[in-house]
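Below: one structure, written as structure tokens.
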Amino acid sequence: MESAEQLRDRLLAAFPEARVEVLANPAPVAQHSLIIGATHAVQIATLLRDDPDLAFDYASNVTGVDRPDQEIKEKVTVKETVDGEEKEVTKEVTRTEPGYLEAVYHLYSMAKRHGPVILRLRTENRTDKVTLPSLTPVWRSCEFQEREIYDLFGIVFEDHPDLRRLLMWDDFEGHPMRKDYVEPDDYEWEPTPHDAVLIKAKRPADGEEAAPLAP
Amino acid sequence: MDNPSPYWFLVVFGAVALVFPLIPLGLARLWFLVFSPQKPSKEKNAVYECGLESKGDSWLQMKVHYYLYAIVFLIVDVEAVFLIPFAAAYASLPIGAIVAMLFFVLLVAEGLVWAWGRGFLEWK
Amino acid sequence: MTEADEKTIQDLRRSGILLTTLEDLYNWGRSNSVWPLQFGLACCAIEMIAASMSRFDIARFGSEVFRPSPRQADLMIVSGTVTKKMAPQVVRLYNQMPEPKYVIAMGACAISGGPFKQGYNVLKGIDRYIPVDVHIPGCPPRPEALLNGLMELQEKIREQNLTGENRPHHLRSDVSGEFPVPEFGACDLEPPSNPAVWTPPEPIREGL
Amino acid sequence: MSIPFLIIAAVILASAWAAVSLRNLVHCGLCAALSFLATGTLYLYLNAEFLGLVQLMVYVGAVAVLILFTVLLTRPATEAADAVPTKRPAFWKGALIAITVGGAVASCLAVYAAPKASTAPELSIQEIGRLLTASQQNVLALIIVALLMTTALIGALLLAAPAEEDTKGGGA
Amino acid sequence: MIPGVSIEEKTDPLQGQILEVSMGPHHPSTHGVFRMDVKLDGERIVSLKPVFGYLHRNHEKIAEDVSYLGSIPYTDRLDYLCSLTNNWAYCLAVEKLSGFEIPERAEYIRVIVGELTRLVNHTCLMGFFVQDLGAMGTPLMYAFREREKILDLFEGLTGARMMCNYMRFGGVRCDLPVGWIDEVKKVIAAFPRFLDEFESLLTQNEILIARAQGVGVLSKELAINAGITGPCLRASGVGHDLRKVDAYSIYSRFDFKVPIGAHGDCYDRFMIRLLEMRESLKILDQAIAALPSGQIIDPKAKSRGLRPKAGEAYGRIEAPKGELGFYLISEGGPSPYRYRVRPPSLINLTVLEDMCLGGTVADAIATLGSIDIVLGEVDR
Amino acid sequence: MTLVERIDQAPLLLQRWAVSFFPALLQPWVAMLISAAAIIGVFASLFALSTLAERKGLGRIQNRPGPNRVGPFGMLQPLADGIKMLIKEDIVPLRADKVLHFLAPIALIVPSLLVYSVLPIGRNLIAMQCQLGVLLFFAIGASTELSIFMAGWGSHNKYSLLGSIRAIAQMISYELPMVLAAVTVILATSSLDTVNIVEAQAGGFWAWHAFTPWGAIALLTFFICALAESNRAPFDLPEAESELIAGHLTEYSGFKYALFFMAEYLGMMAISGMAITLFLGGWQAPLPILNFIPSWMWFFGKLACFVVLFIWIRGTLPRLRADQLMNLAWKFLLPIALLNIGLAGLWVKSSGWIAWPISVILLGLAIVGLGRLLRGSRPRGGKRIYRYAD
Amino acid sequence: MLGTGILRGLKETARNVIGSFREKDRLPTVMYPEETVKTKENFRTFPFLVYDGDHAMPGLRCVSCRICEKECPPQCIFIIQERDENNKAVKHPRVFDIDFSVCMQCGICAEVCPFDAIKMDNIYELAGEDRFTGLLVDKHRLAKSNHYYHQIKPTEANEVDGRLAEDKRKAEEAAKAKAAAAAAKAAPPPTAAT
């Protein structure tokens, strides 16, 4: 099978305006993925499915990932004019990396028995621009999984035939798989030491130190 | 009536058979009165529908196919009714009578075959 | 056994052998013919099915008649995780069972939410909404544990009085026969528990 | 006029009245079935055994079912029937037909002289069977009945069959 | 255009009303708390919408809170009929993420318990399927009779009947107890007798044939496009088995075949499982014969306090129900940043409506039974 | 009267003895009352026994012992169930048609009992000998459909309504081949009187109607229809658990449900009794040597065999689908039954041996042909061959 | 076709009925309250605390290190460490509760315990009416003797005992060596070379 880079080049050759980037995966398996721009996603997906060399006829796993806004502290070297003299100063800057929601598609080919190709589609942010094109028209197997992503992460898939909540009830508010989802406070006092439970039950911890660990 | 017709037994039996289920039902009613009060309530006595609240009316308009079925049944039932006295008398009947009856049966059967061919016997 | 109990028993003795015989018969009949609702929720349901299969054979206790309709069932075996999405249905099914009815909470999930207690969609114990007669811990409990729970329940039924102050609630006319069905709220059930059935225990832990 | 006859007659009349006057069509159908049942009983009481049992089998077993299915074909039975539409011409047409038929029946009854001794002939089932094909007239009647039944079957099916079946099953 | 078929609802008032019935969540044959909102025209289905979530236990959310090790017992409860293959798939994903090696012996043990799990699953499924067709539980009883024997093996090896919690990253938790292999041999030697019994009880039964053949047909093209995996896919005529395709673990060493059907109906799905069990028995025989001695876990691997380096991995195996995949993203923390299960049951349900349209309720029940779902996995 | 005869006629003698205490005017009526009570008593206890037999028998089929803890060998299980049913709260759905909901079980159980009046249970042991016994059986049996409709429609539940519609369609469809199968016997014996029919089969099992080509086919037809008429597996569609929860019984609780249950068993035993009467020699012993065993024991023995067969089939077979069920009735059983009448006629008119080959050939052709036709509605039948992927 | 399959099925069930009277394999029912399935040695249900010696509380092996509490996936273990008069931590749990109504019987606590102090029991008959007091098990109910452990899991217990004895020996040796070293440091003995 072609490597991620080759695939990117092939896709860029077919759709020169499209955004296709390779995202390296440092894990030992090295399943690298392709970040696809939303505008050309359906065309690229159709190509991946229909091209006889690629023939990715089977979308195995479709899932969402939530990347909240991150505060990144980094040291930046800036040139500043101090006392009329230009100096290189190292400053610590706090920068907020905007968060996004991501839909990840794992594609395989049953015909050619190769794979996976991993597509990643990213929304612009996590609040209002959370729309992505649905790939259900290309692979039917995305139908429920995209509904699940809509339910749990809040990504709205355009052109999805039946975009409703999949797991939670219809009037449910919020998207529970997001990292910042706050669960309803419905624990009773209970004997388990589950930290959250104890905090919720508002009982101060003993404050004792942990015993020495195993020798 | 010194020698009642055998069918009077049906009347007597019918009466007894009517009383038979009423006894336990009455006993049950008595039990509820004395010991265990019945507690009907809105939720409990609602219509069961897989644990959900029932949607829509369950008394609804049915398909015409059920009706067609009943028609076919009625006709064949009547045919069977004609067959019974014929069968009872069969042993003493001449061949002509049997042929006539065969004709009768075949005529009705033809209707049945027609209905079969047109697909009216398909349950939908 | 409290004094009041003793007194009731004395009262019963006095009121004649007929009543006690009736009570015995009543309890004998009920306890030996506990028909469960055919109702499985999750993993424990498989062990519940296993309990009705040839190796364990719940039929020996007369309980193999798993009725699909709540109208003919005596026992609801809550076998598995009750999610918040499922809880109203469970309560409604319980309501639709005729009295006298019993509930066995089978497995950790049904008792308290169990390992999934931390989940946002998991009800932390079915006893928040309906009264549970027997708890069977385990994840899942062995089929024998279910049989053990069933025998526990039969024992409980046999000890119930037909008259007197401590007669079970289904014999009282002043206790309602149904429990409010919770509704879906914005992110939790409304109400989150039925205070008439369930009160959380007082924190009694020493050292906290 | 014996007491059993009175009881049976009362049941027939009451259930027939209920069948036309009840609001719920399913109840009407069931009352009609009761009326059939009572009629069957009347036949039995009059020693017309075969007729009585056939009445039970065909009317209670088949016609009543047909009626109930027909009721189910209508709009949901719970909907209250409209009040009798006295204003509409249909009512007057109906009334006219009723009066005509009633008059005809009444005049027939007036002309008809009932035979004095109305004891039913003792007719065994074998005798009935033999009579079915005993004479040419009887055979003719039998064949006509068969033809009628077949026609009724085909006609009823064609009338009631949904339109799609008509277009589809041309070759049969 | 969405692949698949659709049927228009009739609106002709003479045709009777469309009856809306919900089958489930409490229904004897929805395999747990599953619900199908069915619209019926007479007895024909004109619309069938599955409703999920009645067993949504937040598995993924919980797994993103607990340690890598702590998720293993939770995976047991995904597809609660086959906990060992769930363990396996998860361990495979973690192994891919952190690069552990698996010793020979552990691989063999995994194959043995994995195939035993397949036997358990298929046995039960066939029992449930025939139960759904209305048999009074007899085939199910026979199936559970055999299942108990295999559960005894699991109990002897892992300590639990259903929730085995047996595999660990880089191997398995404990070695085989003394005499366990002999018991396995006994069980699998007796197993063909059960299969024969089951076959003569059912496969030629006219009623079963009438109920299952030509019912719930799934075409090859739709099956591939809808991501159907496992026996459902193979019954539709696609010879796709991850044990052959990926040849993960040591499956390339065994001689076994992949049965495929030609019609894609309920009967094929039923028969494919029956045939697969016979193949599993073959694998078991070979694996037991070749079981090496040695280590059972990679000494480099650690279970407690595992913190894989940042990265992601998708590991998949051929679970009895189809492709079971785990997708993990690590940020280097003690628990995965993103943990996702690709449940075969949920995705196999995608085509449920297509398979049921035009059939009767009874067909829908049969079709659902033949797909083989477990709600713990569908809703997670 | 010999002792054997005395035992044989014991029920009758007991009845006469009891009646003799009453004034002559009342005697026929008291006799009727006693017969009615006896029928109800005997068959109600047989109902209890057969539920127990069913639970234990199904258990044995399924490799488990079944109820064995209530009383000795679990014998008291039906009693416990009965007590429980009696004290169970009786739920009538709020939206149900209360009158029909209440009347349905009663309207079902009365005809289920009435049909027993024409079953000859032993020599001279028949509650009501009448000329048209067989017709009476079917005529009264036909009214149970209405009761089931009342139950299903009266419950105001979708499953109930669907179940009852199915039940009616099924029962009317199977009534026809059943009646036609009985017609063959009427043809052969020229009588509708059940006693005459039994007596026509005297002399040994070779005289039973089941041992003629038309009789065998008619018995088979009758038996299949009996399964369907009593809503037993594999024709238990009206209460198909896996589809319709409990069909028309869904909304019934307490003793009303028990009554339905009882009616099902009573119907099953009545139809079995009729099959025995028509085809299996009724109370006749299979061999003349065995005549010392009381006639009613033969009847109940044969009945027990039928009940066992019912249980056995229930424990083995999956359920048919509604349309297949209808097809089986209309497109297989009905033509076969019609043809069978013709063969029976041939048999009666011909000298016997020549009818054998003709019957066998014709019936064989018809069964195979119709079977093909029936199977033809499916895309492909028969044994399938499975390939293996490479 | 034409019923042969049905007949074959009927034959199969008939064989099972007859077999149920003759073969153990066709009537595998265990008459539960009277007889029980012999569970396998590995079988686990709920955890218990092992103590050595005759007295439960002093003999607990648990040192209150709280590893199990942290590793327990559903977090059903609750431990508070014992403190002496001087508020100094003692290697003994003051409170050791396990909520059986939450426990998922995974056995991870026993697996991670470095002191072999918590092990998996094999009792399962715990059905009761009371959820809170009945299923919240404290250290007194959890404590079971090493003897009991040997009874339910002989192989494993022997292995553990061996390992503990080994550890103890090593620890003693180490202590001895340490003491010797300390002594040597304090005053190098002349015989050290031998």
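So that you can tell them apart, the chains are marked A, B, C, D, E, F and G in the order they are listed, and the count of residues begins at 1 in each.
Everything below uses one rule, namely that a residue touches a chain if its C-beta (ideal position, glycine included) is under 8 Å from a C-beta of that chain, and two chains touch if they have at least 3 such contacts.
Predicted, not measured: the structure shown is a model, and the values here were computed from it.
Trainee: Shortest hop count from chain E to chain G along touching chains?
Mentor: Graph distance in the chain contact network comes out at 1.
Trainee: Measuring between Cα centroids, which chain is at the maximum distance from chain A?
Mentor: It is D.
Trainee: Please state whether A-E or D-F has more C-beta contact pairs across its interface.
Mentor: If we tally the contacting C-beta pairs, A-E comes out ahead.
Trainee: Take the average of all CA coordinates in chain D, do the same for chain G, and state the distance between these two points in whole angstrom.
Mentor: Spacing between the chain centres: roughly 80 Å.
Trainee: With centres defined as the mean C-alpha position, give me the chain B-chain E separation in Å.
Mentor: Their C-alpha centroids are separated by 46 Å.
Trainee: Hey, how far is the Cα centre of chain D from the one of chain E, in Å?
Mentor: The computed centroid separation for chain D versus chain E comes out at 60 Å.
Trainee: So, what's the distance in Å between the C-alpha centres of chain C and chain B?
Mentor: 41
Trainee: Which residues belonging to chain G are in contact with no fewer than two other chains?
Mentor: Only 1-2, 6, 9, 12-13, 16, 27-29, 73-75, 78, 80, 97, 99, 102, 104-105 qualify.
Trainee: Residues touching two or more other chains, restricted to chain A: which are they?
Mentor: Residues 167-169, 176, 190-192, 194, 206 of chain A touch two or more partner chains.
Trainee: Got the chain E residues that touch at least 2 other chains?
Mentor: 14-17, 19, 21, 25-28, 43, 53, 56, 58, 61, 73-74, 77, 138, 141-142, 145, 148, 163, 201, 204-205, 207-209, 240, 379 - these are the residues of chain E that touch more than one other chain.
Trainee: Within their complex, state which residues of chain C touch chain A.
Mentor: My answer: residues 85, 112, 117-118, 120-121, 124, 184-188, 192-193, 200-203, 205, 207-208.
Trainee: In their shared complex, at which residues does chain E touch chain C?
Mentor: 25-28, 32-33, 53-59, 61-62, 65, 73-74, 77, 80-81, 124, 140-141, 144-145, 147-148, 161-163, 375-376, 379
Trainee: In their complex, what parts of chain B are in touch with chain E?
Mentor: Counting only chain B, the residues touching chain E are 49-52, 55-56, 60-65, 123-124.
Trainee: Tell me, which parts of chain F touch chain B in their complex?
Mentor: That would be residues 28-29, 32-33, 35-37, 39-40, 44, 86-96, 105-106, 109-110, 113-114, 117, 127-130, 135, 153, 155-161, 165, 169, 172-173, 175-176, 179-180, 183-184, 186-187, 190-192, 245, 250-251, 254-256, 258-259, 322-323, 325-327, 330-331, 334, 338, 341-342, 345, 348 of chain F.
Trainee: Give the list of chain A residues in touch with chain E in this complex.
Mentor: 25-29, 31, 33, 57-61, 63, 65-66, 104, 106, 110, 113, 116, 118, 136-137, 139-145, 148, 161, 165-169, 176-177
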